[in-house]
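Below, chain A partners chain B and then partners chain C, in two separate complexes.
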Partner chain A sequence: MRFVDEFREPELISKTAEEIRRLAGRDRHYRMMEVCGGHTHAIYRFGLKDILPENIELIHGPGCPVCVLPMGRIDDGLAIAQEPDVIFAAFGDMMRVPGTQGSPLEHKARGVDVRIVYSPSDALKLARLNPEKHVMFFAIGFETTGPSTALTMMRAKAEGIGNFSVFCNHVTIIPAIRAILDSPDMRLDAFIGPGHVSSVIGCRPYEWIAQNERKPIVVSGFEPLDMLQSIVMLLRQLRAGEAKVENQYKRVVPWEGNRAALKAMAEVFQLRPYFEWRGLGFISQSALRINDKYAKFDAEQRFEVPGIRVTDPKAAQCGEVLKGVLKPHQCKLFGRECTPEHPVGALMVSSEGSCAAYHNYEHRKAVTVSLSSIA
Partner chain B sequence: MCLAIPGRIVEIASDNQDSAIVDVVGVRRRIDLGLLHDDKPAPGDWVLIHVGFAMSKISEQDAADQMSTLRMLGEIDGAMREVQGYGLEDVN
Partner chain C sequence: MVSDFAPTRFRDPQIDMAHGAGGKASRKLVEGLFAPLLFGAAPGPLGDAAYVDFDGTAVAITTDSFVVKPLSFPGGSIGELAVNGTVNDLAVSGAKAEALVVSYVLEAGLPTPILEGEVRAMAKAARDAGVRIAAGDTKVVEHGKADQMYVTTTGIGRLLHGVNVDPRSVRVGDRILLSGPIGDHGITILLARGELDLEADLRSDTRSVLPLVESLIRAAGPGIRWMRDPTRGGAATSLNELARDCGLGMVLFEDQIPVRDTVRGACELLGLDPLHIANEGQFLAVVSPEYADAAINALCLAPGGSEAQVIGEVREQPAGTVLVTTLYGGSRILDMLVGDPLPRIC
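Moving on, here comes the complex of A and B:
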């Protein structure tokens, strides 16, 4: 077994891996989707595939906010950035994501005022420091990040700050899971539930997956042992013919979620009727917009937004990879036109995107192995 | 961007109960406590921080484990860059 010695509690890991092999048996194949991009990254980084038996297949889900954002939204945000006296502020993750006219970083090189912030509250601080400018925060993220954006807007409103707005791309995880389950080419047995999203929304929102769809879901932490334990919990349910929501990540995720965080989101946001997801298409009630009480802080209401729709390059198969129909390396562009250094599709941009994760770990490993077999 | 960074509360601001100084392996920065209204942390408590906001209270052991997870994931530099950037300290 590879890598195991590097982990904490290697003995427990070996034992858990043994338990997985015993439970998985050989009589059937299991397809489990890890919803969260953080889990995808961890699975590749830790080489968990080398530990798992062959009949357990991990399918990478839609939980990477950078990856699911359609290119048109980046173009829209960058169009506002080019208005006079606007500062475009975004997390570092966004900086290399390509729009049709280049990434935010490339716009910065052309003289557009683009700044990296590490917190939405720092975008608000930029607005305080630059009263003669307008600061637009390009907000992305699932329910983990949504509350921080919401609270920042509440602070902006309370302080009466007039030169700050948010271009809101916040999305919600449950409708995406529903869309995946409704997709005809998707066959899944179980879900590894997102860890930090669940610290906000809790475990209840997943109950329909267990009750209506009869699929087990276990909310999981990010350590190798966490994920292996979650797989044990899923296998036990599947072997027993059960479908329940279980919480492996109790040390961080309360069953009821974080009430203060949910309250902040409810204060500022409302559901959009529909929103486009890269690779998944339009999903109804899957994203958040800023409600009328906070209209003054809504960049989409303050500025003319072109509403650009961009279809992904035909050859790129991001959609199929996002839904788990194709593995990253089965895309025609993978590792050739599309690499982490020169990403064509968004799954290659973020370390949480399955293509980048696959490229950084599996692909390099495969290349090394084939080189060493030649030598 | 989904991974959270563990930090220890050093001091709550006297004029703003929602603002605290945290220590993340020796780096001290101001973070927002507004999302932990129902379970306010006190100095000495450990929290998980995400984009400048405390998201959950955790134990000291969980904090150490989370640090080692970040290290194993190769995310420690990114996490420290993030923490150092809080408050625009490091902003371009």
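Moving on, here comes the complex of A and C:
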């Protein structure tokens, strides 16, 4: 398959893995954070940890928008869904995410009109097809999905569609990285930068990480070879004592980003003063709201939103796992109270969350290894 | 009154779609509620069909309900699925379907041409599979109380000689065979629903697998330990059930698993794993190593079996688990499907 198989070529992968082993040597330990949930998923799916030397440790970052969404926001969205004649539309990613009264799918089973859409414009299409109903799109995502939400709202406004609104949960990546770096128990050497987010925002917004924090960052693609090559680039910087922003994912990410996409976001959104992140707490200027020009399409302004706040269970150690202080399986709830079928904490919710990825792909492997090493 | 039934373990407060998706939740429902009350405390591994003994003659019996939406899709329709699905459940249980009974639940307002088309499809599929439709029943429910039509088929089959399938007979070193490319049916249905604005040149793989199973039995009968048609929940779910039932590890070689480029492409786009996608015309078999070559040769030479592959082998570790080894020496655990496969976007 074109554009995929080239980046999964076994020979190139083993050569690159060899180069990583050579560069990493044995004299020190490297802690690299992959910011994006897509990278976390790829690491487990392709079994990349198995081919990396032991002294390279990958820490899974906050870049899974489903995982970091506080449960109260889901409750708020589902409260609107239960208003008369409302269709709740969201990406498949959201469907199993639990609110206090159950997930969107569970609400659907109880008769709430919940639809899975593949893009915000499909939600707008639903609104056109169901003029007697109100379609609310539950928007999530970083700058990756923000532009398509914005463009859809611009189209809704241009067409004068009155029965469509957006419940906006869009977040921005830079403040999350900053929160992680500001955390006192954080020890990181370098970042594997998000690929799809960067296709919108470009590489410039990361420059402070290199210049002020002296941490190398390489924006990376999602195929095995992309990720290994990014690790090579990071190791070269670290060995040379450098800290630069580099772009491995040039086939998708322009250095300056996508101006048209950024313009659409600026047209529709403005920064919220602060927003709560599951596992990380309140982060200032880290999320987007719909600006006054588009108030008509803002579900938070059109409907009574209960504004529910649900605190994560104390025993869940999502924050520590997010910051790389704990490995997923070191959390007290992992695999017992907290599983992909019944997630307690944020990171177990989406398959891109580090706990779910670890549970699905890695957990029992580790159990097997430890059992055999005892025997 | 003291109940003398085995204790139930199913604690979910309500039935959700996931309980019907063929993965973990379905298994919990069957093992936690149906099996203890209907089959007693220790029913043994639950297969695709049951064996019933009549004065020394064993027959296989199975049943399946079909609720697919849309009713017809590229490569097939609900009528064909209803026949082939039951014929296949019997075939992988080592039995040839002899007779089917069929029940229809019809929604008032269903246009007659649609019903007639499906009944014709069933008649043709039954003729192709060499099975008689012996009896039937029809119920009509109010408009809005069902989705056009549901079909249930129950089949009885004669046991095929020279084969005995039992997950507990699986041994370390056995080979895992797959009859052809996976994911065609599930992805075809997903696209045919038209909700994703994706198009692909792809057809459902619905067919009777009986001829392939018969070829396999002729060539390697004594070596066959287990067979299953990986429908809902996909190959991943079938192999996880086997791993659990036999307590051994199933190790798959990712590069050996046949998947069409169209299915791979759709799965890459939608964030799905072909191993979790439903099939309607493929089957998995575990064969002892000395019969593996004969088995794969027989399948490849049989009509419709040219893409059969050895996709893995049974190992002691990781016990009770399916492990996929990637092209370049990495590996990952392959779990059962949790709920329905949902496209991932962000």
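FYI, the second predicted complex is superposed on the first by the 357 of 375 C-alpha atoms of A that agree within 3 Å, B and C clash if a C-alpha of one lies under 4 Å from a C-alpha of the other, contacts with A are read in each partner's own complex, and residues count from 1 in each chain.
Going forward, a contact is a pair of C-beta atoms (placed from the backbone, for glycine too) under 8 Å apart; a residue touches a chain by one contact, two chains touch by 3 or more.
What you see is a predicted model, and the numbers here were worked out from it, not measured in a lab.
Undergrad: For A:258 in the superposed arrangement: first (chain B), second (chain C), both or neither?
TA: Touch partner of A:258: chain B, not chain C.
Undergrad: Report for A:49: first if it touches chain B alone, second if chain C alone, otherwise both or neither.
TA: second
Undergrad: For A:151 in the superposed arrangement: first (chain B), second (chain C), both or neither?
TA: A:151 sits against chain B, while chain C stays out of touch.
Undergrad: Check whether A:93 is in contact with chain B, with chain C, with both or with neither, and answer first, second, both or neither.
TA: both
Undergrad: Where does A:65 make contact in the superposed view: on chain B (first), on chain C (second), on both, or on neither?
TA: both
Undergrad: Have a look at where A:105 lands relative to chain B and chain C in the superposition and call it first, second, both or neither.
TA: second
Undergrad: Should A:17 be classified as contacting the first partner (chain B), the second (chain C), both, or neither?
TA: second
Undergrad: Can A:194 be said to touch chain B (first), chain C (second), both, or neither?
TA: So A:194 only meets chain B here.
Undergrad: Taking the two structures together, which residues of chain A meet both chain B and chain C?
TA: The overlap between the chain B and chain C interfaces on chain A comprises residues 8, 45-46, 65-66, 91-93, 116-119, 122, 141-142, 144-145, 224, 350-352.
Undergrad: Show me the residue ranges of chain A that touch chain B in the complex, using the header's touch definition.
TA: Residues in contact with chain B: 6-8, 36-38, 41-42, 45-46, 63, 65-66, 91-93, 115-122, 125-126, 129, 141-142, 144-145, 147-148, 151, 155, 194-197, 199-200, 222-224, 251-252, 258-261, 264, 350-352.
Undergrad: Can you check the complex and tell me which residues of chain C touch chain A?
TA: 14-18, 24-25, 195-198, 261, 264-265, 268, 271, 317-319, 321, 323-333, 335, 338-339, 342-346
Undergrad: Which residues, counting only chain B, touch chain A once they are in their complex?
TA: Where chain B meets chain A, its residues are 1-4, 32, 34-38, 48, 50-53, 55-56, 58-59, 62, 65, 68-69, 72-75, 81-83, 85-88, 90-92.
Undergrad: Considering only the defined contacts, which chain A positions touch chain C in the complex?
TA: Against chain C, chain A makes touches at 1, 4, 8, 10, 13-14, 17, 44-51, 65-66, 91-93, 95-96, 105-106, 108-110, 116-119, 122, 140-142, 144-145, 224, 340-341, 350-352, 360-365, 367-368, 372.
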